[in-house]
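Shared between the two complexes below is chain A, which pairs with chain B and chain C, respectively.
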Partner chain A sequence: MTAGDMSKVATTNGTTPATDAKGAKAAGAIANWADERLGLGTAMKKNLRKVFPDHWSFMLGEIALWSFVVLLLTGVFLTLWFDPSMSEVQYNGAYDPLRGKHVSSAFASTMDISFDVRGGLLMRQMHHWAAMIFIASMMIHMMRVYFTGAFRKPRELNWVIGCLLLLLGTIEGFTGYSLPDDLLSGTGVRAADGFMKASPVVGSYMSFFLFGGEFPGESIIPRFYVMHILLIPGILLALVAAHMLLLVYHKHTQWAGPGRTEENVVGYPMLPVYAAKAGGFFFIVFGVITLMGGLFSLNPVWKFGPYDPSKVTAGSQPDWYMGWPDGLLRIIPAWETHIFGITLSWNVMLPILVMPPLMLMILMALPFIEAWITGDKREHHLLQRPRNAPTRTAIMVALMTFYGLSWAAGGNDIIAIKMHLSINEITYFMRGAVFIGPVIAFIIARRWCISLQRHDEGKLLHGIESGVLVRSPEGAYAEKHVPLPVSEAYTLSARDDDPTPETVEEIEASGLAGRKVRLRKLRAKLQALFFADNIQKPTAEELHDAQHHAEHELHELESQIAAGPNRHGPTEH
Partner chain B sequence: MSDAHTPDPTGHELVPAGPIPDPGLPEHQWRPTDVDPAKEKRAERQVASLLGLSAVCVILFLVSYFTLDIGDNWHVVAGFGASTMALGASLGFALLLIGVAIIHWARKLMGDHEISELRHPARSTDADREGTLEALSLGLEESGIGRRPLIRNSLLGALGILGLAPVVLLRDLGPLPGDKLYHTIWGKGTKSKPMRIVRDGIWTPILASDLENGDLVNCQPDALHNPERYGIDPTEVEGVNLQIHKSKASLVLLRMDPGDIKPGKDANGNSRENWDVNGIVAYSKICTHVGCPISLNERTTHHLLCPCHQSTFDLANSGKVVFGPAGRPLPQLPIAIDDEGYLVAQSDFDEPVGPSFWERDYYDRW
Partner chain C sequence: MRLLNRSAGRLSRHRRGPIAGLLVLALGLLLTGGLYAAFAPAQADSSQSQDELVKEGRELFLVGCAFCHGQNGEGVLTQGGTQYGPALTDVGSAAVDFQVGTGRMPMAQPGVQAPRKEVVYNKEEIAALAAYVASLGTGPSVPDTELYDTDRPGDLNGDGKEDSEDKELLVTRGSDIFLANCTACHNFEGSGGAMPRGGFAPKIRGVDSKHIYEAMLTGPQSMDTFSDGNIPPEDKKAVIAYLETLDKAPSYSGLTLGGLGPVSEGIIAWLFGIGVLVGFAVWIAAHTTRSSKKKDEAAA
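Moving on to the complex of A and B:
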């Protein structure tokens, strides 16, 4: 399909080239030169008018992408002044309260960037804000992808890449905010040393190797620096590129609607509309981060002072994305096993060394677990509304609840102070809540989805409430229902039916034996649970009958209005 | 219904149609800017004005850069440098306005026909697959990797051994822990010159009478400030070495009513009844959980709370964990007074301080 009728499109976008003939000739010559060497014509022919569907939620990943670009730009600026060294220097910069103090070069150069380089503090704060936005938008984008079923075949691998991006982004954030070597971040590094030492068998060796000897040593900042500016960004960049390439190859998912099917993709062409919107959006993200960097203070290292292993500030907290394991670390009971002269620190291993990797593995496995349970091997390009996959939605809501409660536990001291509660009671409450909360959230979310499905079914079968009340001659009141517009009815009903799980008899009749049968039975059972109580879309007959019935009712009502002693209905009759 | 989920060998079977036939793409609606030249001109002017305003913001940015001072006047506006605020606001709006202008242009003036493109299944065609498999088997056949297991196995072996090189290369990342985690500089005191306990930061020695009941003092070993007195090379306590010593030797002193102290046992099973001086007890300041310095003192209960993860230790009861995630009591330092009346350490800690690690042992204090 071509762009269609352009006759009425604004003349600025017309067919007459904006450049004059001479310019066009020169441009043509350059294009020819390049194409003869690069063969761009073939590659660009397909992609210049590539279609991208439009929906606000597709913008979330874009925020992540653009904030990553801002991170690269501001990060390069910071490297021009930052000195990743832990050698001791005397601070002689502009900030009076710390002048004359012995600090590390890393801390001194961070102070110089903040107070002696024009725009330095702006760039530092932009870099930090962009990092927070990067990780936040990745997480929200991931939830969007999950809730709408966009992770299904053929996009499972892109989901896995996305999970790795989230992991790397988090590590990148941690290594980044540790670089200034200030008291707050140093406390975080000290805790990281404790985490490593708690690793079974090799813990103290890992710590000595990472820190180049005993904590804190003088190697950790240079080593974090090389990870932060070279190793991890390199991998991030490669994975972002792979993420984008797969997106282009698979073409973007879209919402169901009139004319939008599994076989096509409907939207605006890359050139000009999508390129303009995405390009413009880059400037908006960049602009908002710049405003935040200029107006909202973040990580004021001059207030914390340089790192000193004998000092700590109350209310020490990591950046928000590290908060949830820190919360688990706070609420776990004091479990440590001392046996055969060795120490097993469950109180550190479970929340830090087990839970985050486990959570990541659960996330990465979600598409594969769901596909195995549903047995669905088809490609999916139409998104599902969260309500139409109640169990899936409820699984993510449960995970989010666990995350949220753990995260809140990471601020138990702040909650205690601000809300005048006992920190002990908050901790005891959280110990139970992280287990019970997700279960409650799962049940509520699932039932909520199913009642929303019922509501959709009602709209399809009985139409929508018109707001017109009618009184019959007998004095009874009724509300007129009007059928949904066709496009809306189509959109609501353009969804998949859930499969019917195999029965035990069917499985046993298949002639398989042993493990295979047990697996099939397990799958049938999980499938039944997965789809239990879901509302299926009405069949064509059901719809027809319901419409017939509704028409009849409407007719009845209208004749009552016409015959009735007083009329409160619409005046078109 | 269930047939919709029968695995399709081609892998791209599509979701079946619903009960309502697809009404097809809605008709394109012309925008006011498409049909009204005046509105079109207006939108064009709006875009240009937004871009113009952006340029003005850049000028403001340049002016702020060259006119506003930075440095020690950092608390000019709202606790924060005027330069940073002006640069951020002007550059932010410059960028934002460009973005708004481009999007406004796209929404009002660029063609807004939605177009439709066909998808293709992600999988390759059968012909391509066959071709690839053929090329692959031909290549493998020509290499003879299947026929020459000697080469294949020695190649795998050689590559495996090669992997040892980078692993070994990383060995010099750091020294082995040895017994470093078991000792602190408190042990450097001698019979004639026991290690004095001094106030952190001002490095003055402490008389037992300096402390009242309930007082908490943050302390360090005297050797960090006065190494020669203990025969220690000054470079041992400078720069990074100072940080390392502090991360293990930091100490808190707390004075309480001697009757409140319930002495536990030491590593050899002997009572700790002589580890305090008139109710003054000394404990490691480094939390046994993940190593934060502990500093929040509950004066009436003799409890010490770690601000990082809220582990709480009872300093009247051998540093017992009374709340929170820490798995071990705080190590206690046995103290005494020297011939000038100053508080000193009797010896080093009798166990490693700081976070737990695999090979450390544990003894029961009670």
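Moving on to the complex of A and C:
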């Protein structure tokens, strides 16, 4: 019995009747009062015992959640001093080199937060670092969910919500990046203006609509501010709530293992264990972000100075999450079409207006595409190891490679100066690499997974190396293998066999005609490709034979040790 | 008085002596020569050694520079017709003082751009080289100290004195000029940036004020020339004052991460931020509910 439960123990000295402890009585009364009015008891009874399985990768989403909380807290602090206005004021704050300059109120108040508000600079940097970590942790959480197959039925919609969160987080980040009205953020807004104007026909209308006239105008920062502190956080909060409600409703996924089935969740309950673990993790996230806010400089606006459309700085980059479209923009050749007096800027449209929405759409569609190809309509609560779905794993690795290369291209100037390379050659290399790299990565990742599957098969059928070397009468040396522990063998073999794709004859025999048949043939072909070369888990007979063989080998080994001329072994010592 | 009269009288006895005239003449010459040496304008002195300086410079030039720039600084073309070493006939002494004084010249190897490295020549040799190259034609000369001495900002606010307020005005003006003309290549805090085809705008923090002034004046390597008509000397001084302020200012916001902008920030967010947090996640998940490990092992 834990210490926490001592309150439930009745106090008695043996002569007086047992009574409840005093504190428990008061707490019970309050709980009863609330329960009678809110019906919390029934809801809590179940959810306080909600079970969380233990695995580090299940906590990646929590980093995102907690950094979002840090964002809300620090963001509220910043709104108390930030003035989202583009009206011109004279800066008269504590930072000497800019004193007396005519700047926007937004910039002046950012400078005041940085230099005149106590703790303001720390809060600004924490807010910005938290934003960088928020989006990064959403991405690693998403990769975990994808690589383990946790997006499969019934969680496809939660996957879509997650993708929307990623999109909204990015927009939220961009609007925040633009608020201080320093040289860097102004350059970013200028770029966004250019991107909008690159959309055919409606471009300039859209730009004038957003900016309330020609760039930069006086409206963009107040408008971004409303989006940044009201509109997008509202939607973000709602989607986070939906994401977590679905998490509770679906229950947590878990890794396969003894005692773990599709019907249960093995782990620790919310109270008291996971409340402590997750609660503790919040403070860790908060602490790490505070540390970063205090240690690492982020967007030093006083060095960038106020935005002025006539100025620009080397190293003008967006925050990291916008880096990959920026990279594509940097490497795309100058393709333009002039038609009917209109210029179509493919060099801007493709990397900025086409690629990011396309990537997002691919991401959101992944669960549905995979389900269609595999024809798997069952619910899944046990996770798959990345190696047991080689094609799926390879698809994400290819996407990540494309992302990573585009991302690196976004820092081509920094790579050039730090590695003493020519920026032109980096660009030419990247132009090829973004196409070839993902293909190579796909092939390597897929074959790697299959090799790992083979390794698992070997462990199941031949056991693991014992470290015992045996010399045969002929003089040959061999290492003896011992069978895997049963629980490990169970975990390794607790996976489904891949389905066998329909053959053309089967489809034709089904009596369907026209488009449906063509679709089914396509699906069968894709399915064959999807599962091609995968190693299936050993059958029961194979395992039985392997066990038999292992026992035989063990006997042999023992008899060899007993009969051998050089008797040495554990018994001798 | 008597004593003086006596000694003067004694001296006066010799005034008609045979060597008196000679002696007075020698004394007179010595005096005029000495006075002239003490009070004559400096260039009169160096004008005499200027030729020697040029001569010495030419000797150094023939050994260290002529291979690429030609025996007479006329430049050397490659077989393909491109520049091997450009002509130095009209670059002036400021260019030499910058290129050699920052170690960029002589180059260690041909390349897109000469990187800054250890300085090869000493002060006197650099002055000699500069004198020789200046003698080849026109071009800006090495600036006087007062042009880049930011402790003499001049009376900028017009209150009749030259004080710290003027210095502040100079720095503020410098930040304007710096952000308008320099950051596009050299980055917002002078950390440097990339130029086409392997070229680069170098880091300009911690560089001698004189060299920054000369760089603006002569436009070395890929850099534009900011002539005095383009950025007047006072504004050049202002830029230098701003850079000095950046150098002296504490890092208000923590480690500057190379002052490179969002790329290095993104790297830190992933490597440090996500790295540490995932490490903590592993740590938390690895710990079971038991407070002591012994019990856990016993249970296992």
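The definition used in the following text is that the second predicted complex is superposed on the first by the 532 of 573 C-alpha atoms of A that agree within 3 Å, B and C clash if a C-alpha of one lies under 4 Å from a C-alpha of the other, contacts with A are read in each partner's own complex, and residues count from 1 in each chain.
Here is the rule we go by: contacts are C-beta pairs under 8 Å (C-beta built on N, C-alpha and C of every residue); 3 or more make two chains touch, one makes a residue touch a chain.
Just so it is clear, the structure is predicted and the values come from calculations on it, not from any experiment.
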Which of chain B and chain C A:468 touches, first, second, both or neither: neither
Chain B versus chain C as contact partner of A:267, first or second or both or neither: first
A:58 touches, of chain B and chain C: first, second, both or neither? second
In the superposition, chain B vs chain C on chain A residues touched: B
Partner chain(s) touched by A:540 [first = chain B, second = chain C, both, neither]: first
First (chain B), second (chain C), both or neither touched by A:320: second
Contacts of A:364 with chain B and chain C, given as first, second, both or neither: neither
First (chain B), second (chain C), both or neither touched by A:235: neither
Partner chain in contact with A:343 - chain B first, chain C second, else both or neither: first
Partner chain in contact with A:297 - chain B first, chain C second, else both or neither: both
Common interface positions of chain A, toward chain B and toward chain C: 96, 115, 121, 125, 268, 273, 277, 280-281, 284-285, 288-289, 292, 294-295, 297, 308, 310-316, 412-413, 423-424
Residue numbers on chain B that touch chain A, as the complex places them: 1-2, 4-5, 7-8, 11-26, 28, 30, 33-35, 40, 43-44, 65, 70-72, 74, 79-81, 83-89, 91-103, 105-106, 108-119, 121-123, 170, 173-177, 180-181, 200, 218, 220, 238-240, 243-244, 246-248, 250, 285-286, 289-296, 307-311, 321, 323-328, 354-362
Contacting residues of chain C [partner chain A, same complex]: 112, 168-169, 171-172, 174-176, 179-180, 183-189, 191-198, 200-201, 242, 245-246, 251-257, 259-266, 268-270, 272-274, 276-278, 280-282, 284-286, 288-289
Residue ranges of chain A in contact with chain C within the complex: 54-60, 62-63, 96-101, 114-115, 121, 125, 129, 132-133, 136-137, 140, 183-184, 268, 273, 277, 280-281, 284-285, 288-289, 292, 294-300, 302-305, 308, 310-320, 323, 410-414, 416-417, 420-425
